[in-house]
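One chain, chain A, links the two complexes that follow: it is found with chain B in the first and with chain C in the second.
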Partner chain A sequence: MTDEKRLVIELDHLRKMYGDFVAVEDANFSIANGEFFAILGPSGCGKTTMLKMIAGFEKPTSGRVLLDGEDVSSVPPYRRNVNTVFQQYALFPHMSVFDNVAFGPRSAKKFDDARIKKDVTEILEVVRLGKFAARKPSQLSGGQQQRVALARALVNYPSALLLDEPLAALDLKLREAMQIELKRIQREVGISFIFVTHDQGEAITMSDRIAVMSEGRVEQIGTPEQIYRSPASLFVAGFIGSANLLPATVESNSKQWLHVRTTRGIALKVPVTSASFAVGDKVCVMLRPERLHPAQSIDESGSGLDGILTDLVYQGATARLIVHQTDDTEISALIDANALPSWARPGEKICLVWSDDCPYVLAGWPDHAGATTTSVDHVEASL
Partner chain B sequence: MNSLRSRIARISLNVFAGLGLVYLFTPIFFIVLFSFNKPKGNYNIVWQEFTFDNWLDPFSQSSLTAALWTSLRISAAATLISTIFGSLIALALSRRAFKGSSVINLLLVLPLTTPEIVLGSSLATLFLNQTFVDFGSITVMIAHVMFQVSFVALTVRARIRGFDWTLEQAAADLGAKPWRTFRYVTFPLILPGVLAASLLAFALSIDDFIITFFNSGSTVTFPLQIYGAARVRIPPQINVLASMVLFFSVALLVLGTLSGQRSEAVKALKRSKDK
Partner chain C sequence: MLARRADIVGLGALAVSASCLVALGTGWFQGTLNALVVLLLLIVVVGVLVLAAFGGPEARRLLAPYGLMKPGLLWMALFFLAPVWSLVRISLSTKESRFSVRYEFNWAWENYSRAFSDFGGQFQRAFLYSFIATILTIVIGYPIAYVIAFRGGRFKNFLLGLVVIPFFTSYLIRTIAWSTILADQGPLVSVLNKLGLVNVFEWLHIMDNGKLLNTPAAVIGGLTYNFLPFMLLPIYVSLEKIDQNLVNAAKDLYSTPTVAFRKVVLPLSIPGVFAGTLLTFIPAAGDFVNAQFLGNPNTTMIGNSIQDQFLRQNNYPVASAMSTVLMVSITALVLLYTKFFGTEKLV
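Then we have the complex of A and B:
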């Protein structure tokens, strides 16, 4: 999809070290014009460092940053044609909204006052803050301040807009509204947005493509669907959405199916993916909770797991089932609340079944077997 | 029972606060009061009768007036220089820790903790051992800048603690070169702290006696003049000039507070209009 599109940002084997600590390791990808691109990862994974290297606040230890095809690795931030929306907005408190937004064009000294006034007024209309031009930032709400920060960055028509956790400071409801607003603004101005976030839901909802990072490395780059359906690593599988991860060993493989046995001793068949596995390999079977269905028994031909239903969490449109297996691991299933069978009661025996194309196989064994989102400690460690 | 206790507590709090204020303001009150005294003889230390004469002729003591002007000139120059350098030191120390910043921190506190008499006499020794400047206004100014710089740097640093340095990043990100960032973003935001520091530095300079005494040569500043004159006579004009300085600084303070309140009021008004 990016082939015929112009590349705005190219990262060429980018690396950043702080002393002995590797903050970013060999980042090597490019972002096309008009793309909504997310850099996603837990805190300390190097995503903000990456953004700072693109903006020019940090110098790469090695590798290059190319902007519109030009090497800008040692160009100071004020000569780079990218603009940043900072996490806490960093609005100038002593200036009005208008002066905040006009700061960039006035610094550039390319246009006269009349043109600057026109540009600023226009962009304030785009972010729907036309009426607030004379106010000071302290007189605005969080969501309004956020939009001033956006307008201030966009008025310069940068090659790309960088957003550092742009929605982290907002309340949940406002955040959801701002997600839609950001998408609308991006469509309207047509500039590439590169945003850093630790919120996988946000990344999936908003982005055209996502780069998932962990411990300084880019683990996978792809569309939200690719990343959700075919995660490249155990980390990505656990970090995006929720998953049930079952450690297993390969017993035999055919063209179409991989036969594995889980550590609990259950034989499962898994469709073969691009990665190839040999007999005896340690693998992990991923089952997404929303693809599991409750059943009273496992069909002879199908695959399934049995256990005791320990918790049934009603969530309105959906219901979450937590099933405790005999090996003390938990499996979570997410089902349509209307399809909840009457026999499914906490404390009773239950089976979870799935269709053949549901399981996805990954290399290696997970640190934590079973559902990724039922253990508080495990979830905390991944944030 | 409880309300009685809280009433007693409130009353005694007010009494103690009042006593504290009396303690602080009695000397100032006497300075102003005795500027209206008509003294008998050379010493304006016993209340005789009320008069406006001193205020109608505040500059009658020409040597006293000349000393005040000398002091104002020296203090203004010293304050300007020390404010610039002190603020730059504070900015450098606040922005990030660098090699040797802890040493500079230590050196900054040194002039504050060293007895003035040591500073004054050792500076005098330094000036005696060189041939570039003679004792006079210049040496007094250099001496004042020396101790003022520390006060300015420490005051500004305390005032800009918590300054959001990402604002400077934001300005650079928007295409502003370092000077433009300083001129339009950093400087306006640290200005109140810089002004406060310069007022403090000015106050320290204008009433300095010990360090000035060692380094003044034949130059006579206001405190030196009063000290010298006090042995012979204490004219009421001393009180008049001192009161003038006092009223001037109080006026500045009131103006500053009022304009602050005014802008707050304007803001509140705007907010209520928008709703």
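Then we have the complex of A and C:
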């Protein structure tokens, strides 16, 4: 990662239409050398189409793709110096692991056989598959196939590596191990990885930066922390992590605080963000569940909500509290299981309090007030 | 005791009843002995059924596989093993007299030498014509199968339907229809005459003396036409199974579309070509319909000669010898082909 500032991929007002359907709308961002970049969004949001346009399998309707500063919009995939790890790996079943990995260099015809053999052997060591070179893909486990796919792409020294849902086909334990493995390999080879995923946890743990997409639009680009702490839209707030969204109206604003009243009639004060709001604007207050604490009453100075504790889900290290407010919106809190107060029992009255810097204000009212991702119907509707 | 060894009983019953059927089919025994064989067959079949009915669940479980194999195996014993036995036996026999229908088995190897000396040309032609026809079905069928599998889209089933439609007409009628199309006064010849392409076609050895019909090319063409679907469909099936992402992966790894086809699609479709070759070459080598309706006396294939010797010359011994040679040589060729191009190494 010597020249970290060098841009490897630049998307210039990229747009893709299928008939009347807009698959990707005005994507305009760039990815630096050595970056681990995630394109995150629910299925059908256009993230795979975006990846295919970078790889060259789809032609943009308008806009340009620049690779190492060169316009490659109409260059076919076999002349682009990016390589793809396909979702189901797409390993050639009739070739050994070695031949699979050697496929790229042999087709490119840049190096002689001795050099190719050395490169392939080296990259197989990097992905820890040195001993499996003679095997057929069908004789390997899912995780090993995944690593062959990685080696097959990386052996070509691409400017960037594109990964299409690379971990979706693996089971949970293997997925977690492969997340660490992918990071290690990326550090070792120093190539930018651009990976497409619908799993927000995966995107947050692995990437340097994330582009969140919804319905063809890029909603926000930023570091995982930026996206988690200050989501740019209601969609991002709901999609990344879980959140409690309270619809409210602005009553007054000062330099530091915004005073709002929720639709339930509760007055809350919220720190001012870069977005400006006028009195009377419809806004939404986001409260992250892990920043809410149970209390028996709301003291004068602090902010809080009250309700009935309807569910207490013990999760080992943490416990989730589901609180129903009088208007039946659900609020969820995530607390340290050891800090669970003895008086918190399902069916009892409970208050949830927070410190002043916890609430975050967003424009617009949510479709669904209260906690995201607690109700099955709501999760299904958002997918 | 019998119930616990029901599998042995089942296997034994199968072997005995199959042997009985072969004996009956080939007429090994006469008179009373024949009646005894029928009796033995009945006893064995009824015995097994009784064991299955009263032997308990374990006996039934052990008998089941043999019971399931029985219909097929007995059918094959009566209609395949018995005729083959008779065929080989007659091929080594001589007629008792010119007008007799009785044969005397006397290791008459001269039938085989006659088959080779008199019909060597027909053997050669049969293998040559069916070999060329097989190659042509690959050349014609592969691209069509490729287009249907990869570019067919929602018309896939419709296009496959078009491939199968000729089967709704009988084989014989299709071949006779070709003799009308290729006839001297037919549409094709007159068009070629008008375009002045006759010389080119004669130079290519497709036409002979201004004729399309009754030429080797017509016979090979007929074979190619009739066996095309048997090549096309297996190739289609193997192409259909290929994941489009494999082609994308090859392109992603710096292969042009041509190289991607040669290195990925072609090797993965070889099992289909292999199956298609067997389904085309084997029946084509024994075919006599195309040579009869589309050929001339100099294009007869071994199938025509066998038919002629059996049905017109009534020379069963030589006809049987020819059939045996054809059977053995096709088996040998297929075994060789499987050894060199067998698909077990793939995937």
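Keep in mind that, in the parts below, the second predicted complex is superposed on the first by the 379 of 383 C-alpha atoms of A that agree within 3 Å, B and C clash if a C-alpha of one lies under 4 Å from a C-alpha of the other, contacts with A are read in each partner's own complex, and residues count from 1 in each chain.
The criterion applied here is as follows: a residue touches a chain if its C-beta (ideal position, glycine included) is under 8 Å from a C-beta of that chain, and two chains touch if they have at least 3 such contacts.
These numbers were taken from a predicted model, which means no experiment stands behind them.
Superposition of the two complexes onto chain A shows a clash between chain B and chain C. Once the two complexes are laid over each other on the shared chain, residue contacts for A:T84 go to chain B and to chain C alike.
When the two structures are aligned on the shared chain, A:A55 is found in touch with chain B and with chain C.
In the superposition on chain A, contact of A:S276 is made with neither chain B nor chain C. By the touch criterion defined above, A:P76 reaches both chain B and chain C.
By the document's definition of touching, neither partner reaches A:Q256: not chain B, not chain C. Once the two complexes are laid over each other on the shared chain, residue contacts for A:N338 go to neither chain B nor chain C.
Of the two partner chains placed around the shared chain by superposition, chain B is the only one that A:Q139 touches, whereas chain C remains out of contact. For the contact definition in use here, the residues of chain A common to its chain B contact set and its chain C contact set are 55-57, 76-79, 83-84, 86, 88, 90-94, 103-104, 107-108, 136, 152-153, 156. For chain B in complex with chain A, the residues that touch the partner chain are 164, 166-167, 169-178, 180, 184-185, 188-189, 267, 270-271. Residues of chain C touching chain A in their complex: 243, 245-246, 248-256, 259-260, 263-264, 267-268, 346-347. Only residues 55-57, 76-79, 82-84, 86, 88, 90-94, 103-104, 107-108, 135-136, 139, 152-153, 156 of chain A touch chain B when the two sit together in their complex. Of all the residues in chain A, the ones that touch chain C in their complex are 55-57, 76-79, 83-84, 86-88, 90-94, 103-104, 107-108, 136, 138, 152-153, 156.
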